[in-house]
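Next come two complexes built around chain A: one with chain B, the other with chain C.
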Partner chain A sequence: MRAARTAYPLKWRIMDALEGVAAAIWPARFGRATPYLMLLPAVLLVGLLVLGLIQIADASLRTLDTTTFQFSDDYSIANFRRALTEPLFLVVAQRSLVAALIVTAVTLVFAFPYAYLMVRTRSPGLRKFLLIALFLPFFIGQVVRAYGWLIILGNQGMVNEALGLVGVAPMRLIYNYPAVLFGLVQYMLPFAVLMLAPALTAIPEELEAAAGSLGANWVRTFIHVVLPLARPGFIGAGVVVLTLSLTDFAVPAILGGGSQDFIANAIYDQFFRTSDQGLGAMLALMLVALGSILVGLVFALFGAGTLAMGRSRV
Partner chain B sequence: MQEPFRAAASHVAEGDGEIAVTVRNVGMDFDGVQAVKNASFDLPKGRFLTILGPSGSGKTTLLRMIAGFQTPSSGEIFINGEAVSAVPPHKRSIGMVFQRLALFPHMTAAENVAFPLKMRRRDARTIPDRVERYLALVRLGGYGGRRIHELSGGQQQRVAIARALVFEPDLLLLDEPLAALDRKLREEMQLEFRRIQRELGVTTINVTHDQREALVVSDDIVVMDQGEIQQKARPIHTYRQPRNAFVANFIGVTNFIAGTVRDVSEAGDVSIVRGDLMLAGKVGDPVNPPAEGDKASGAIRAEQIRLAGDAAQLSTLDCVLTGTVTDTIFEGERMVYEVACAAIGDEVIRVFDHDPAAHTQFDIGQSVFLGWNARDMLVFR
Partner chain C sequence: MSGSRSKSIVLWTLVTIALVTLSAPTIVVLGASFTGGNIITFPPDGLSLRWYARISQASDLRNAFLRTLQVATVCTIVAIPVGTLAGIALAKYAVRFEKTIQIYLLLPFTIPLIGSGIGLMLIFGNAGILGQLWPVGIACCVINLPFMIWAVTASATGLDPDLELAAANCGAPPLQVFFSVTLPAVMPGVITGSLLMFILALNEFLVSLLLVDARIVTLPVLIYNSIRSIITPDLAAISVVFIACSGVAVFLLDRLVGLDIFLKSK
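Coming up: the complex of A and B.
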């Protein structure tokens, strides 16, 4: 028997040996537990996250005594009241929410033609180019990218210099709301395209040809065939862009120049500037709640989209 | 109560009817590869034409050009006398049933059928009635509310047909929609296509690689190979009078015996010589007949050959060879014998035997006689 074994290819014998070791450590009768074992790392990670969340919840209910810089021992909802009543936080929350909605809408509009062209083009060269152009920004971090926009859009930046050539006076293109929106859309576009592309790939090209032969021009084909069938992709992309925009920190911080803070920036200030961890924790919890409500609303209205995986709601 | 279907043109109308489709010297180049070469034919109104050919013969390309999904590199296509090369698909009056049906999965059967009516902005009040009528035509009355994935393969086929016909197009195109069905369902749907086409009288172009389908459903068959039209004829002529060796070989089971032409008569009689053997036959292509001394082959259908245990039984036949049975293949309704004939260098001749009254069978290794009539052998260059 041993002689016959050596006749097997080396790869087989290595695999046999590995299987032997595995069987010694984890006998086959434990087999039913294997899936749970594989789930363990994920459960541990999520568990830690939940522990952190509990701690944040605990902190959010303690108020800071500004004379002693000590946290109160008893719980109160003073932080909650402050978050809801202080105008600054309302302005920041509204600014973040409106920005998230605008950025989501604009990004989806821009991402669709990009994804469509990438999926449908017959030229492999063009597809490769579009893919590389899509992934390149991922290699440049968000902070570096935002800083790059400062250079390009700044008072002495390329854009203002080009405008100067045609006699337009330098304009303030950064440190304002549109600049933040612009930076966010630019940052979110690849995410949206990557979420949309699989949904578009799943639509057979023949369906579009069929719609054409049945009398639909491209606009009506898009409205009646492509859009409804791409819905799961739009929902997935929309949820990702919405939550990422709502919670973004770097783009409002850098392109807003401190004047366009989002919720995340306000939280940062509470934790690291005023050191009011209680209020910071409360704001963080409220951001989590806001994001969850928005995502829940999208799921309730439109279904879970591609994020639900598996059985799609056709 | 309901308006009648558009008056049916007689499906048996001969070639003198009004012309619905004209394909004139149409060619298609894909990066230097000629998918279709100089194709021309006329299709009279109300007729059912099948473009038959192996995969890669250019038949689907030709259909897609008629549908408007591709523009011919050369030549012109006319629909009802109008040149259509510059007309986009959605402005042509063409109903098409696609290879994979291309039903809209997010709509019900009725919504699928209503789609072309809505796109063509027909009076919304008449749509439900008309949709129900066409669902009834394809025997799906009452199934309108079903989702596409709730229907069987055959039912989906029927929805696709109803959707392609509901707006009363000038032309119906079928792009091998039956290819994916199992044999029994496919044969059922072939007859269904023929029934519906005759009922409505709609001019139809069907594309298939299935010779049986072409013979069963069509008024005319265009046989294509390597981008070229090989023959356009009625099914019975395509089968009985193939114009060249490709058509003879592609449709039916045909034996070819290669030889050299001995003499050709004005009447179309020809004989070919193979070693000591001389075989009499008919000229296959009268337009382009072989000349004496040409290499040629005689084509004889497997069902036109008779097998017998002794030569006396074949005394009425013009040509008799001896051979040895090398294989027997039982196909249910018939037995197929493969017989190696010494006179042609032990080449194998295939013979169908389906005489239900005869219970004799030949065994592998048995010596047999095989014979046929000279008029059944067509000689091609």
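Coming up: the complex of A and C.
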């Protein structure tokens, strides 16, 4: 009997031992708790962010003594007051918010036809081409992409060199607001298309044909059939683009050249240039609040759209 | 596609603009890296590989790249078990407080990167582990974890629970059910998720910028620090490393699971 048992393949014996261990530390009567055990590592990992937020909240209530460069032991809301009253932060906040709204609108306008064509085309080749053209820049970091725009639009960049050949004086195409907006739209396009595409796939093509056979032209079909049904996709894409562009750092830093700072750049400067950690933490906390309010508002008004995780429900 | 001529004209105009905008930086960086001159000019000063020769000699670049790979590896190794388990749990079971857990697990996306980065910087600073590479990998894992969970839930919802019950009915104990039925079924999601995690960690800039110091600088941060107003081709040649990695990732994704997976509706 024992000899036969050792003749079992090694894999079986390992699996048996593992099952034994698993059954000993997690008996079957815990079965109902199994999903929570499976969720635990992810919950703990994300818990790091919660801890981080608590740290930020703590730091944000301490003021910097500019003579000793020490942070106060007691809490005060002085940083909050400064963040609200200093004109610089208001300018920066307004600039970021307006940019986020413009970028969201422009990105959705371009992402929708891209996603639509990608989903509806009959040619697998074209679909693959569009997918690759989307993923290639998506997988290339922001810094490299912004660097590419510097080569194209910079003061000695390709566009200016080309204009020089035909006798046009160099123009300042970067380090301004439109350049930052443009860079952000390019950065956001893949996100938006990838959030929109599943929502468009879910719309049966027959519905469009039906609208057409009832006499609607394509514009009316889009407005009355496709766009309303694609709403979950627009919500998902809109939320992602809005929050990511509102809080972006690299594009304003590289294409704005220091003159077009967004909130994230102001926070970074507080931490690493002026070394006023308290004020920087307060600004970070306010940005988190602003972002959460925006997301919460959209979710409360329209639902979670394609952002929902987990079991699909109607 | 059904529809009129004007529809395809409008669609194609917008798509063409999007395509040009998406591809222009990649193409230009590729082109610039092969230039023969000392600065990037238009039209280019002939073709050469001298900038590639130059960067292959530079040990700081090579080390930065190796560090970046290390960060991405740590991120992926942590993300695979954590994200797979969480994704399966969310997709298969009716857990209590499901909505709350979902919102909680989306925190990495709803908290702005600068907030997450600074929070992690403060925590790691207190724990005395700033200045090492593995915390950067953990940080990259946390901020992108929803991608991994998404990818896994997307394939787990397609798994028929009866299959697992059938396996159990045939006498398979829980772990065996998991490894022989559940895991193979969600494999496409695990592959997609881990590729995403790896490539996003490879490119992660802001969180790296906050968590590294001059001794352990990663490649994206190094490129950012080297950008000056005068544009030299050596940076373009380094950037091609990222373009190449991106190309490999797209190829693998297409081969292993098919890019079409992203078009599927839930």
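Everything below uses one rule, namely that the second predicted complex is superposed on the first by the 277 of 314 C-alpha atoms of A that agree within 3 Å, B and C clash if a C-alpha of one lies under 4 Å from a C-alpha of the other, contacts with A are read in each partner's own complex, and residues count from 1 in each chain.
Simple rule for what comes next: a contact is a pair of C-beta atoms (placed from the backbone, for glycine too) under 8 Å apart; a residue touches a chain by one contact, two chains touch by 3 or more.
In this text, all values refer to a predicted model and were calculated from it rather than measured experimentally.
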Q) Between chain B (first) and chain C (second), which does A:Ile77 come into contact with in this model arrangement: first, second, both, or neither? A) neither
Q.
Applying the document's definition of touch, where does A:Val168 land relative to chain B and chain C: first, second, both, or neither?
A. neither
Q: In the overlay, answer first, second, both or neither for which of chain B and chain C A:Ala209 touches.
A: both
Q. Should A:Ala264 be classified as contacting the first partner (chain B), the second (chain C), both, or neither?
A. second
Q. When the two structures are laid over each other on chain A, which of chain B and chain C touches more residues of chain A?
A. C
Q) Touch check for A:Ile14: first (chain B), second (chain C), both, or neither? A) neither
**Q.** Partner chain in contact with A:Ile254 - chain B first, chain C second, else both or neither
**A.** second
Q. Which of the two partners, first being chain B and second being chain C, lies in contact with A:Asn217: first, second, both, or neither?
A. both
Q. Does chain B (first) or chain C (second) touch A:Val98, or do both, or does neither?
A. neither
Q: Give one of first, second, both or neither to describe whether A:Pro228 is in contact with chain B, with chain C, with both, or with none.
A: first
(Q) Quick check on my understanding: which residues of chain A belong to both its chain B contact set and its chain C contact set? (A) 209, 212, 217
Q. Which residues, counting only chain B, touch chain A once they are in their complex?
A. 67-69, 88-90, 92, 94-96, 98-100, 102-106, 115-116, 119-120, 147, 149, 163-164, 167, 173
Q) Across the complex, what residues on chain A touch chain C? A) 15, 18-19, 22-23, 28, 34-36, 38-39, 41-43, 45-46, 48-53, 55-56, 59, 109-111, 113-114, 116-122, 127-128, 130-152, 154-158, 161-162, 185-186, 189-190, 194, 197-199, 201-202, 205, 208-209, 212, 217-218, 240, 243, 246-247, 249-250, 253-254, 257, 263-264, 267-268, 271, 280-281, 284-285, 287-288, 291-292, 295, 306-312
Q: Would you mind writing out the residues of chain C in touch with chain A in their complex?
A: 1-4, 6-7, 10-12, 14-15, 17-19, 21-26, 28-29, 32, 39-42, 78, 81-83, 85-86, 88-95, 98, 101-102, 104-116, 118-120, 122-123, 126, 138, 141-143, 145-146, 149-150, 153, 157, 173-176, 179, 199, 202-206, 209-210, 220, 223-224, 227, 229-231, 235-236, 239, 242-243, 245-247, 249-250, 253-254, 259-260, 262-266
Q) In the complex formed with chain B, which residues of chain A make contact? A) 204, 206-207, 209-217, 220, 224-225, 228-229, 314
